Amino acid sequence: MATVAQAIRMALHYGETYFGLKHVFGQDVGPPLGGVFTATQGLKTAWNSPLDERGIIGAAIGLAFASQRCVAEIQFCDYIFNTIDMLKLAGNTCWSSNGQWHLPMTVMTPVGSGIRGSIYHSHSFDAMATHIPGWKIVMPSNPVDAYGLMLSCLKEQNPTLFLVPKALLYARGDQPIHGEPPLTKEGQALLKKMIDKPVDEKTAQTWEPQWPEGLRDDSIKLGEGLIVHEGDQVTVVSYGRTLPLCVQAAKNLAQHGISVEVIDLRTLWPYDWALISKSILKTQCVIYVNEDTEVTNFGEHLIRRTVEEHFYDLAAPPKLIAGAFVPGIGLADTLEMASVPQLATIMQGIEQLIAMKV
Amino acid sequence: MATVAQAIRMALHYGETYFGLKHVFGQDVGPPLGGVFTATQGLKTAWNSPLDERGIIGAAIGLAFASQRCVAEIQFCDYIFNTIDMLKLAGNTCWSSNGQWHLPMTVMTPVGSGIRGSIYHSHSFDAMATHIPGWKIVMPSNPVDAYGLMLSCLKEQNPTLFLVPKALLYARGDQPIHGEPPLTKEGQALLKKMIDKPVDEKTAQTWEPQWPEGLRDDSIKLGEGLIVHEGDQVTVVSYGRTLPLCVQAAKNLAQHGISVEVIDLRTLWPYDWALISKSILKTQCVIYVNEDTEVTNFGEHLIRRTVEEHFYDLAAPPKLIAGAFVPGIGLADTLEMASVPQLATIMQGIEQLIAMKV
Amino acid sequence: MLIAETSLTIYHLMVEARVLEERLITMCKQHHGYFWIGGPGEEAFNVALGLQIKKGQGLDYDFLHFHYRSLAILLAMGMSPVGPIQQMKSTASDPFSGGRNFSSHYAIPEFNLVPITSPIETQYLTAIGTGIAQRDHPTDAITIVNGGDAGTAEGDFASCLIWSARPQQELPILIIVTNNGWGISTAAHTQHGEKHITNRGKAFGMQTALVDGNDVEASYAAIGKAMDYVRKERKPFLLEASVSRLYNHSSASGANFNADEEDPIVTFEKTLLERQLLTETDFRSIRTQYETQTRQIFEQVITESPPLGDTIYDYTYWQQTGKYW
Amino acid sequence: MLIAETSLTIYHLMVEARVLEERLITMCKQHHGYFWIGGPGEEAFNVALGLQIKKGQGLDYDFLHFHYRSLAILLAMGMSPVGPIQQMKSTASDPFSGGRNFSSHYAIPEFNLVPITSPIETQYLTAIGTGIAQRDHPTDAITIVNGGDAGTAEGDFASCLIWSARPQQELPILIIVTNNGWGISTAAHTQHGEKHITNRGKAFGMQTALVDGNDVEASYAAIGKAMDYVRKERKPFLLEASVSRLYNHSSASGANFNADEEDPIVTFEKTLLERQLLTETDFRSIRTQYETQTRQIFEQVITESPPLGDTIYDYTYWQQTGKYW
């Protein structure tokens, strides 16, 4: 049972081996560390860049111009905000040149709360990112999706943004990645032994990863969401850290006879409207859940689209559960809990909405 | 009849004289040019900064730390996107220090389309700006508001963002700014003579502005919108370049017996929800109009709030009219017209919505 | 000294570029376009540069990250003069942006010319990437980036120096600054504490040179030397050229001729006269030849159509057309 | 040579700072806090700096734009050791951020210490602003900014050099880089093409100096000289200090003692022994004194309450409390 971090690592290895991935770079991405979250350990092409986010995005764009596939990491999305102009540039390059140039490149960055990261290690980036045209944006919520979405990003001919929910980096899924050791404790330990850099610094210096042999191209098509919990009373659309909370909420509420459909959006842009739309037609009400701050939030876009196309199909107002509109996420438990959606918030929201259905 | 550019200039002069405004700076803001749109001509405290937006915002924050009131200009909002982290920093400084520090500073920047500015002189900034907590954000649509809102910004103890619709910079209003020459052709010429830098370069070198004597503190409270056209069939909420178009649409439709209420939001954050809410209760339907790209757009926030609080008051779905989600505004007329709301789009939108009312 | 043939080629290209820019300015003033920005005053340096670029597509050819005063470079490389006129007119046929972008915002994959964009100095960031690609590729091709003096105040210029000077990881980038002494209305001497911009390269142990960009011979030689170094040593070189800004910043500043600045064409004509390569009559007839050519193109282009409004979504993504969501 | 009294003061402060940092590290490891970052290894330089700062509020006092390794500077200025422990524990009483921010993220208006924030290098931008204010104000007070070596790769460091070196508009800023040879796991020598970071200041004609930041006497003197220059000449000075990183980057990297690095306290103790100002026994008892003091504070602080969840909106704006929209 790989973690999300391991899944990313295996996907990048697969990319190096089969998709011509040439550069995986960013701050502390290469040896000795292999990424602050271990996601780039043991990769052939990983290297450490200067501490310069603007240079990192610029380098990625230039590499893409030269058709050199790369994954550029911004260590925390909290530090991506001085590069928005560069992200916009990447997003408008194909369009501005009337289709002459295009940029096969991937930017990867950890997002969100959940690790008590305080003001500058808890930011979300989905709202701003979805406002920037020309990118494809993904955000997995489990290892299998992390693996499959990364592969798709690596094959994509356009700029792709791979948002990794920090809180889930060491989370494990219940589905296997093809080729990984069995989903047992022993398998888990074996995988660790094979692809995790040893903690001991001396050993680490000569260490080489032993990649699972059966890895294959299980890419997940960009733009496809997934129903991860079926139900018919309310549709809940989420992604990233809040997704497992929504599933948990659905499970809990099922015990009280409440039937919740949970959609994992997986690709934020362009998103799977067909899937959402169909579910809304079934449940007649919808909640969008994410943890970015709630003003000018991507969930608000989805609500706009919902009322534009389904106003008369709704049995209750569409609802947003998102982060409070505060300048930061406070470090104290009490503050973080009050700032971003928690399981209880989501359960409450669902119950309230169902109670409103007419 | 002052233009918006002249109104800003007079407000800044008033600020220098009475509010202790110490620095008006940015690229080409000082002599000899006085701003690419003339808005800072003749000011005592205007000076030219290096070509470095990050430095400009950093300098503004530092000046505010030192309680030196400033207005920092970003020449076009198209070039503000490398400073988003700094804007976030400004917006979280009071909060992060638990109220110990606060930043009395103003950032001014021209926004929007309407001058055939192509990809990099047509951007809007309201969506991203409203997603950044801790700022107060204004966007005037006429000279009187430009004057009054700028004065309020200069008195504010928090970071303020003054967005100037490029297309309206040389527009004149029908209301006088107290102290300006009479609203006649002659008055207009007189004002020009008094406060516009002479075109002739030699003359300009020794020129001194002659500021109107009767200028006074007609500040407009931040957070207050205004009903600029009364009506009872539909509420239209807008600001900036699209506001006069909405008024024109309302006037045109009035001739066909359609009664449109137009609200000029003026302050985007925090906004006048009470005013919008009351109008919605009257008209039972609402259209939000702006020209930023339509995905994760501030108007979508207003729609979310609308369905949250007024779902059962609505006789038709709330509607957004905004810019197409494209990577840029193309230079050719045909492209610009198809990318951002025009009078016809707005009129059509209103008529369609009214037809939908049940 | 340049051989006669090269001198004549350079002169022709300089005049062609100037005449074309003047036509673009006129078009703009006649409302056949909304905005002009370009490179009159930089012809000497730019033609000398264009002639020495290793032209082609892919890693084995020079990668070009240019700003908006680069017309003469591209003409020297063989770009047709039709495109710039189409772009000024915002026709659908504009080969660089299909009527979407401002004048002088070229994009030519066949020349490895990445799209010229308006934001000052971001080209110094994207240059890093092609520099890395060419560092890792066995070739003598290099990355070339240019930009103005005022723009060096952006942190991005420093980033380019830093990334290209990493020990053992140096990048083969020819880093050019064309110093015209102005950033729109702001005089360079009011903003630059460094004596020469090249000093900033020296701080990184970088090879640098200063050259009079109005002097064809000096420019040609300095560029050749700098390029040679980068091609062979696979290390960066910072080249600062002093140039003129003959028609002010852009149409937003009037785009009128500024007689106070040295005109590199006039300067070069003196050399050509001295060397008896051309006469005053030749100068006039060469100019007329390009004026005629340019006018003919103009007359053709103004009959061409603008792009259609419903194409606004095209190429948001590669090969995609129409609204996609 | 420093007089005896100053040496003793410095030694006390260095030990106090070290002991306090070690307590914070222990608290973090014991889950009395989520994250530690701080300055063990920089005590020699930082105490020498703190003692020479013109301390107070407003334009007539030094303005401080610091990064997260500045505890010893602030203790030397007279900051109470209670606050850092409260901040580590994220209590409502945390005087810097009310339990909102990470350890070492101080904010002290009475010291002109603007909030220390996590993003690397933005302090070099905000320093420009107080620098401008102090340039225009008749005072000998200056702006002081510090940060690490890796961070100088951000364009913001260049911006600080550019803005503070504008001709006739120079800013009175003491620009400090504490060079510990690392950026988290990335070795400086793999990233820096410049021989010394100070060379980048020299490119702007700036006065600069290199100093061994593990050497109390040398640091004290170099800081004094640099400050004098900035206070009198009202021009920038770039000071680079080589320092140690004794507990690795942060708790994210384990925060374990690194015996390979020079310990400035040990080094200074040798001097004190040589000068017979203190004995080994004194060292032990001074350490114990601060350990006791620190433990007592700790025991008090862990009884204090966290902030309430419903305070999250407070101070989004000045003096505002509660949800405001």
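We just call them A, B, C and D in the order they show up, numbering each chain from 1.
The rule is simple: a residue touches a chain if its C-beta (ideal position, glycine included) is under 8 Å from a C-beta of that chain, and two chains touch if they have at least 3 such contacts.
Because the structure is a prediction, the values reported are computed rather than measured.
Which chain has its C-alpha centroid at the greatest distance from the C-alpha centroid of chain B?
So the farthest one, by centre of C-alpha atoms, is D.
More contacting C-beta pairs: A-C or A-D?
A-C
In whole angstrom, how far does the Cα centroid of chain B sit from the Cα centroid of chain C?
36
I'd like to verify one number: the distance from the centre of chain A to the centre of chain C, where each centre is the average of its C-alpha atoms, in whole angstrom.
The mean C-alpha positions of chain A and chain C differ by 41 Å.
For chain D, which residues are shared contacts with two or more other chains?
Residues 97-98, 100-101, 117, 119, 153-156, 159, 162, 166, 190-191, 316, 325 of chain D each touch two or more of the other chains.
Multi-chain contacts in chain A: which residues touch at least two other chains?
Answer for chain A, listing residues that touch two or more other chains: 50, 52, 54-55, 79, 82, 85-86, 94-96, 119, 133-134, 325-328.
Would you tell me which residues of chain B are touching chain D in their complex?
Checking each residue of chain B against chain D gives 22-23, 49-50, 52, 54-55, 57-68, 70, 85-86, 89, 93-102, 133-134, 136, 157-158, 270-271, 273.
Sort out for me which residues of chain C touch chain B in the complex.
Those in contact with chain B are residues 34-35, 90-92, 97-102, 117-121, 150-151, 153-155, 183-186, 190-191, 252, 306-313, 316, 325.
Using the touch definition up top, name the residues of chain D that touch chain C in the complex.
It is residues 153-159, 161-162, 164-170, 189-195, 199-200, 202-206 of chain D that touch chain C.
For a test of understanding, state which residues of chain A touch chain B in their complex under the given definition.
54, 79, 81-86, 88, 91-92, 94-96, 119, 127-128, 130-131, 133-134, 269, 293-301, 303-304, 307-308, 311-312, 316-320, 325-328
Using the touch rule from the top, collect the residues of chain C that touch chain A in their complex.
58-59, 63, 65, 94, 96-98, 100-101, 105, 107-109, 114-115, 117, 119, 122, 124-134, 136, 143, 155-156, 159, 162-163, 166, 314-319, 324-325
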